[in-house]
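Next up: the structures, one after another.
One chain, subunit A, links the two complexes that follow: it is found with subunit B in the first and with subunit C in the second.
Entry: the complex of A and B
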């Protein structure tokens, strides 16, 4: 998996909606798509129209939307392929692929039009337990820091390694991950000290 | 193994969400009692670490690559309850921000990868590391537990897909566990290498003194949860095993056209041993043999990774 640089969509009707409204709407649409039967392709017209309307209203650049969809699509294709063993294989395959692509599009639009802060406030209003909220907040805060760190460590490692080979790569990558684990634990100690100094609990 | 949206129907979404909520609630309850405030930021940093570690690609054959999943690594570093919380946070952020795994399927994904995988993995890790003992035993146990956690999560995932009526059980189980038995070997190797690397720098983080608070009650609750998930999603299918694929094959008439001998005969093909009649038993046996092979391989790799002088400790 690769971290995508977050980008800003132009303000639109959808991005101005409250996060709770957007989340509820997305869940209703997703449930609707999930409850459609496989093997009746005509019924798919309804969610296709709804999803296209959502995509238009969000002012998502079509190429960007498609590119994001294609990046996430391999999982859906692989899982859909298992359906080919049903008696109505091909119809079920295409219906399932369209269903999962439409659902993916909805999720992509939701996450692109809702900043993390809004999502986090929504989770907080849903009364998620505090320790889980703290974990999610710190995860988001340090995810990009650690992603940068792992990239730096890998580049440094590559700069010092003159041999190539699959087995060596497994050892070196595992070493990078092990070092990252230790540095994360040590960073957690510093973060705790900093949080205490600012009056946390 | 992230299930996207569109594959699970409403009843499976509801059932998996309820079970995942039960597992996460129990973990939160335990973490409140066992995780001191000083360790709370560690959960968040570990979650970020797991997320970042999943971005390191390991080259596999033919240009493809895989990455660490880290359920057992998290369970060893944080204990089972902490691992459940950290992994749930990872999956939640992946679903909400990166579209990796569906929103409706979040419950199922948390249940498979953030509840079942670390709990099953941690129980096996404790069991095997007590049986073998020493640093070598802990490494062996980590590799074995990592493989088992992946295969169990994949089998339950196949059960959920079959529950939804999307993928026939026999096909789903064979494909999911077959592929993940291979992925699990990679996961086992990487888990062992990472733990060995951490052990060289900070042995206290993964050694015998690593934090593993446990109580009998929480063990029973977790065991009951795991058992009921397996009973709900796997047991109903295991009794009527040879369905879908065989039926389809015979109706389409390609069972007659099937090759008399496969081009490459695999040992234990189809997870079934030919001379044993009951298919459920045979599947269990094949899984057991696979587990034993992985255990033996883990032991060999652990012996190679641990310096000889340390083994007595």
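Entry: the complex of A and C
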């Protein structure tokens, strides 16, 4: 597992925009999509055009964008499936699925064209609660440390694994996950100590 | 010369019952650079956590550590954290912010300094460790040596009077080690360095404290103590090469 700090898109009109402008634009589009009524599929043409334009302007490679969208799609499908119980079930389901997918696409484009530091500064300017900001910052920071740790543990196990088999792989992976959980708790304690050592209360 | 730090009969038991410190006593004078050596599990890291007030979790009936005459206790923790800067062994534990700037600014921001003052402090601390222009770098993109120096900048930005360093040169390549050694040697603060890098101790420390099994076993000048091969071997250490090959001429 190799985690990338950020997905490097080529410079584009969108990536050059200020984070606050991009966030405001994304929010307007998302609100527009959310306010469209279910059951009128024709109205979806407008957000489809807007989202496609945003994707084109961001110079996002279509295959990569689609792959990222597919990773999130199960959540959209699960959420949309809830409207299947309505009388106009299938039309509402498809409309909601397209709306959710378009919203996810906008979020993917925003996050890929805005460095994490800029998003973080924006959240801080928006006066989000400090504890929430700290949690987001720590989560982002330690994702990479944990990913590296998983990779090292996986390699170390692979280096001494001579038999093949799905059962063994599951057994080994569960071991890695268990160790990682214990090590993460220990690391969390050390990180907290390091925070306190520099005045955190 | 006034006393920077005093430790008297310091005892500590971990919650699992393991007795880590069994009555440690020593003192460090202002401006001194003291090496703390001992085998793995001797209690060095536990001792360092006490010097900064991170341990014990609850106040002992009688204080055992004094920083410039101030007893280390829960209610004085903020002041102790400011006076004693602690560099952790694993830089990934200490670099918890998304960017270098935010990490170095973390301590000063907690001290309630203004935005401009924090910025100036961050810039000067990064300059001291030779990392100007690294403000917007992300910690996971830095090399081991750079991470260690950012950690040091984060500690220096709090303007501590005493620097406590836990294995500052572990996992560093020779060049990064050399650079960090030069950097630590040039700092004016009182320094306490816990390390297995005995060459570093010989080069930087005027005095050495040897601890083993939670007790101070010996104390003396770096040359005399680390040069005693029998003592070193008895406590899981080795006479450093720099002393082994030192010629009389």
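Assume the second predicted complex is superposed on the first by the 144 of 201 C-alpha atoms of A that agree within 3 Å, B and C clash if a C-alpha of one lies under 4 Å from a C-alpha of the other, contacts with A are read in each partner's own complex, and residues count from 1 in each chain.
Definition applied: a contact is a pair of C-beta atoms (placed from the backbone, for glycine too) under 8 Å apart; a residue touches a chain by one contact, two chains touch by 3 or more.
Just so it is clear, the model here is predicted, and its values are computed rather than measured.
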Touching partner for A:150 - first (subunit B), second (subunit C), both, neither: first
Contacts of A:140 with subunit B and subunit C, given as first, second, both or neither: both
First, second, both or neither for A:116, with subunit B first and subunit C second: both
Which of subunit B and subunit C A:40 touches, first, second, both or neither: neither
Touch count on subunit A, higher of subunit B and subunit C: B
Partner chain in contact with A:199 - subunit B first, subunit C second, else both or neither: second
Which of subunit B and subunit C A:13 touches, first, second, both or neither: neither
Residues on subunit A lying within both footprints (that of subunit B and that of subunit C): 116, 137-138, 140-142, 145, 187, 191, 195, 201
Interface residues, subunit C side, partner subunit A - complex: 49, 52, 54, 77-78, 81-82, 85-86, 88, 90, 92-99, 102, 106-107, 110-111, 136, 138-141, 154-155, 158
Residue ranges of subunit A in contact with subunit C within the complex: 5, 116-117, 120, 137-138, 140-142, 144-145, 148, 187, 190-191, 193-201
Residues of subunit A defined as touching subunit B within the complex: 1-4, 26-27, 30-31, 33-35, 38, 68, 72, 75-76, 79, 82-83, 85-87, 92, 96, 99-104, 106-108, 110-111, 116, 119, 123, 129, 131-132, 134-143, 145-147, 149-150, 154, 166, 169-171, 173-182, 184-185, 187-189, 191-192, 195, 201
Subunit A-touching residues of subunit B, taken from the complex the two chains share: 2-10, 13, 24-25, 28, 31-32, 35, 37-49, 51-59, 67-68, 73, 77, 85-86, 88-90, 92-93, 95-100, 102-104, 161, 165-168, 171-172, 175, 189-190, 193-198, 200-202, 205, 244-245, 248, 251
